[in-house]
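Encoded as structure tokens, the structure appears first; notes follow it.
Chains here go by letter, A, B, C and D, matching the order in which they are written, and residues are numbered from 1 within each.
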Amino acid sequence: MSAEAKNPYIPYPVTIEDITIENDARDLKTFKLVFEKPEHKKAFSYLPGQFAEVSVLGMGESPFGIASSPTEEDYLLFTVKLTGTVTQELHNSEPGRKIGVRGPLGNTFPWDRMEGKNILIVSGGFAFTTLRSSIVYMLDKKNRDRFGKITALYGARSPGELMYKEALKEWQEDSGIDLTLTVDREPEVPWDGKVGLVPNVLRELKPSADNTLALVCGPPIMIRFTIPALQELGFTEENIILSLENRMKCGIGKCGRCNVGSKYVCIDGPVFTFAELEELPAEY
Amino acid sequence: MKDGVISKQDFPQFLNHLKKNAKVFAPVVTNGEAGFKEWSEEDSVEFSYSNLKLSPKGLFFPQTETILSFDAGSVEEVPSHEEKMVVFGSRPCDSRALTFLDKIFSEENKGYNDPYYMNRRENAVMISLACSDPCRTCFCSSLGSGPADEAGSDIVCFDLGDKLYLKAVTEKGELTIKDAGKVLSPGDESVRKDAEKQTAEALESMNNLEADLPSVKKNMDDSFDDPVWDRLTRNCIGCGACTYLCPTCYCFDISDEERMYKGKRIRTWDSCQYASFTKHASGHNPRKNKKERLRQRFMHKLSYTVENQGEVFCVGCGRCITQCPVNIDIREIITTFAEK
Amino acid sequence: MDSKAVGNEIQKIAGELFRDDKIDVFIGFERATVPLKSRPCFIGKDEDGRIENLVWDSFCTNNLAAFLQKYFENEPNRRKKREKPYPRIGVSVKGCDTRSVVALVKERQVIRENVVLVGIPCQGMIDRRKVQEKVGTAEIVSHRETDDGTLEITTTDGKTRTFKKEEIMQSACIDCRYPMPEGTDFLLEGEAKEPGDGGYGQIEAFEKKPLEERWAYFEKEMSKCIRCNACRQACPTCWCKECFADHTDLKWIGVGNHISDAMIFQIIRVFHQAGRCVECDACYNACPMGIDLRFLTKKIVKDVDELFQYVPDFDVESTPPLATFSEQDKDTFITDPEKG
Amino acid sequence: MENTENWEPKIVAFLCNWCSYAGADLAGVSRLQYGPNVRIIRVPCSARINPQFVIKALQNGADGVLVSGCHPGDCHYISGNLVARRKFALTKKLLEYIGIEPERVQFSWVSASEGGRFAALMNRVIDDVKRVGPAKKLVKEL
């Protein structure tokens, strides 16, 4: 790359190395991407919470939270739900296909603030992506000591809809994290996790709010009921961390569509504290 | 040389001189409508407009432009726009609008430089034509500007009837005038006075909104959920005419056009007035109704950009007022919130 | 009745409708902030003070039927989804607005029982562009209409000029065959203008021009398009919940201002108006770029009439032409390889 | 590509499944000769044809478009082609009106037993389009 400023609209070429089907409905797939050029890999330096524009030439670009952790140095992971044209094209792809990635974009989870704190992770459905990134990052040997107790609650409609099944299994055996899984209804398959909606299970688990930051990602309905539950447990508005999604195009604060009030989700976010969101209109 | 004078008759010589080193754009009548066009000797420059229907925004931020092309998976960047350009006849308000777009597209906006827009800007000389006869729908003077505002211009030109007075306001402008020394005669006290007088008269003729912009912003911020927005937005039909004619609206879309694995990624103007602008792939839309969308347009201009860029993103050109099919008048919006 | 009396009558009826709890909102016209325009005006239940804003003059050009459909969201398919009943709407209508309401009722986009139509015998509306054309470049600052059918305008240079209404009437109104509303709930007293002949002579003349000349004209007009969608949004019978041009999963046309996309958008838009278009020229009036859309809309109306003997008039019972067929429809356009 | 001797037009043919497509099939089985310029798109019924399909084909570079269904009265869905006929009549007139050569967009009826008619139709359309040359109007170059 030349010394002059990079054109922020040009994606880095990457290759799809592997594709994992994440759920029974088969509408969630994780794409493992590797950079074609080492200098691009180096330039793409990120922290959990950030996102990137995944680019399929001819179809367009879509923003996705980065599901891999910076500690997984050789590749990027994106978990993609089948919804529109770009995701359709991705889902129809085979490993080996060349696509593009533009980023990293947006802010990160507040890693400075999280240093030395207990971390509570609450998530539902396929919004778990950047939280997977965060867990992997925190559990890495180099980083584990920087954080206190790590507690995670992850729910989905049914066991088959829980993503990253291999990783979940590992974490359940890892003493560095206390992971609880829950499903909405009593499943027909053997299940040793909880049964119940995330906010209810959260109330049951009663994690301590003491010296703790809560990272919450999930569908709007889950968020709406989880926040009161967290507040009951003593979490302040500043200590509840959320990640927003809005329609995006440029990802660099120019195209003007992802704003919530005066804040742009792509540049000022996607990570906001609940306190910050309370100041903004509910246009998300 | 900081200023110069040329008779209207000889004016094409000046443009011809500029044309040696740059593409020259000037208002020319085509299809019965004056608009910016690449000037050639056969064209006569139009001076009789108050405001052109389309501002020169599109010369720097075209309605459709290619940002990259691709063929069978390999990406090719668009060569950077290094061509020299001179724009003559932009109204001062439209030139000032470019300084706002600069704040969006330049690196100062969170560190991302938009090379397409910025390269064109850096290679352009703006010669604005000061207003002697502002429209009744013009209200630049209520927005801290005026009929001979220098912001965004390199040279301000005054139409003094049979002659034109050119006044450099940037170094680039000075160089341009110096370089054209052969075809220009130097300015003197009398033309300077005439220009000043013309501007003062033009300013005098303008209506002032008498709105305190900081309190407009504050009142808007406080009234986000106020039912007044229902009243102000009821007759909106949801077209994008206001946004596309606006010299400060910059929102855009990025999409791919492809045929047999070959194609390009294009950037096109987009409008916050369209439902599809913010609609998620899931179908959820944070700004579902026209009330929310029109509120977004006005709050973006009068509040959000004040916070983020330190400017009210309206230059008072009045295009949205004259062209709105249902006469939604931004002046009424401003005064509504000024009084609140 | 002079226009002031018409205005008073509208105010009186609207007031009574509110008083008798017959309507929740009334849509009429009020003065605009610019000359040669009146604008749609909405009056809610608790806004009786604003009833006196309602006016009638020769600038009530918008087709108010365009505002009705959005009140009947979820009609006809998901009616049960609604929590509250549909509002009852009073609206002042000219002949063209009435016919658009009928077209919408037929297609179940408007519930007839929920609208109270206040019919106004239409004297024809004035085309502000025709006035401006006659005035030249001078800016019109005010206008005054007299009851003997003249318009007096004042320009910035202080001059006044008067025009006979016939000279500056909208082409749509000159051609209009249905100036007198029918089937309305109220009908104001008074005479409508003489019905026109439809003006299809212009279309026939265009049809006779050489192919390349027709294409050149179409191309010239569409080259002005900025894709602002004002034509679509202003049209009362462009009621698709999602326009084909906005489809993202199946991209019919590009979003930029490539002329091919602009052309295709307009061809399809006009085609979708077959059997619906009442030639009110709302699209033409809304277009900020002044594109001649009349030559397209009138063509589709003419063809529908000639081929299927259908005119979207005041008849609520007749079936829209593309929702039905006749075995007698002509096969003359069919290529028959066995014939020469 | 200019109108040279070597130029061969690209024709897109929308054929209904029950009659015209079967007619094309029969033409093939019967080894009837017609130009190789045709790209056939099979649709369930001519009523499935939205005028947008025709125009989109022209935008994407088709030099000619043919739409063909069952003869009136023979529609597999009883009246699909009669509903379609109204749309086609308007489309044909509107496109011609704005200056699209009438040869470029053609409509016809071909039954399942008319292999010969299909081949003749194709040759006729190809000849017509050849006469008016490569399409330029509405075409969007990428």
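Here is the rule we go by: a contact is a pair of C-beta atoms (placed from the backbone, for glycine too) under 8 Å apart; a residue touches a chain by one contact, two chains touch by 3 or more.
On a predicted model such as this, the values are computed, not experimentally measured, just so you know.
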| item | value |
| --- | --- |
| Separation of chain D from chain B in steps, with touching chains one step apart | 1 |
| Centre-of-Cα separation between chain C and chain B, whole angstrom | 32 |
| Intercentroid distance (Cα basis), chain D paired with chain A, Å | 50 |
| Whole-Å gap between the CA centroids of chain A and chain B | 40 |
| Distance from the mean Cα position of chain C to that of chain A, given in whole angstrom | 50 |
| Contacts with two or more other chains, residues of chain D listed in rising order | none |
| Sites on chain B at which at least two other chains make contact | 253, 255, 257-258, 263, 270 |
| Chain A residues counted as touching two or more neighbouring chains | 84 |
| Category of the chain touch graph - line, ring, star, complete, other | other |
| Pairwise chain contacts, counting only pairs that touch as defined | A-B, A-C, B-C, B-D, C-D |
| Chain A to chain C touching residues, read off their complex | 84-85 |
| Complex contacts: residues of chain A adjacent to chain B | 5, 7-11, 13, 57-62, 83-84, 87, 98, 100, 220, 245-247, 249-250, 252-262, 267, 281, 283-284 |
| Parts of chain B lying in touch with chain D, wherever the complex brings them together | 257-259, 262-264 |
| Contact set on chain D toward chain B in their complex | 60-61, 142 |
| Residues on chain B engaged by chain C in the complex (per definition of touch) | 31, 33, 48-50, 53-54, 63-64, 133, 135-137, 231, 234-235, 237-241, 243-245, 253, 255, 257, 266, 268-271, 274-276, 321-323, 325-327, 329, 331-332 |
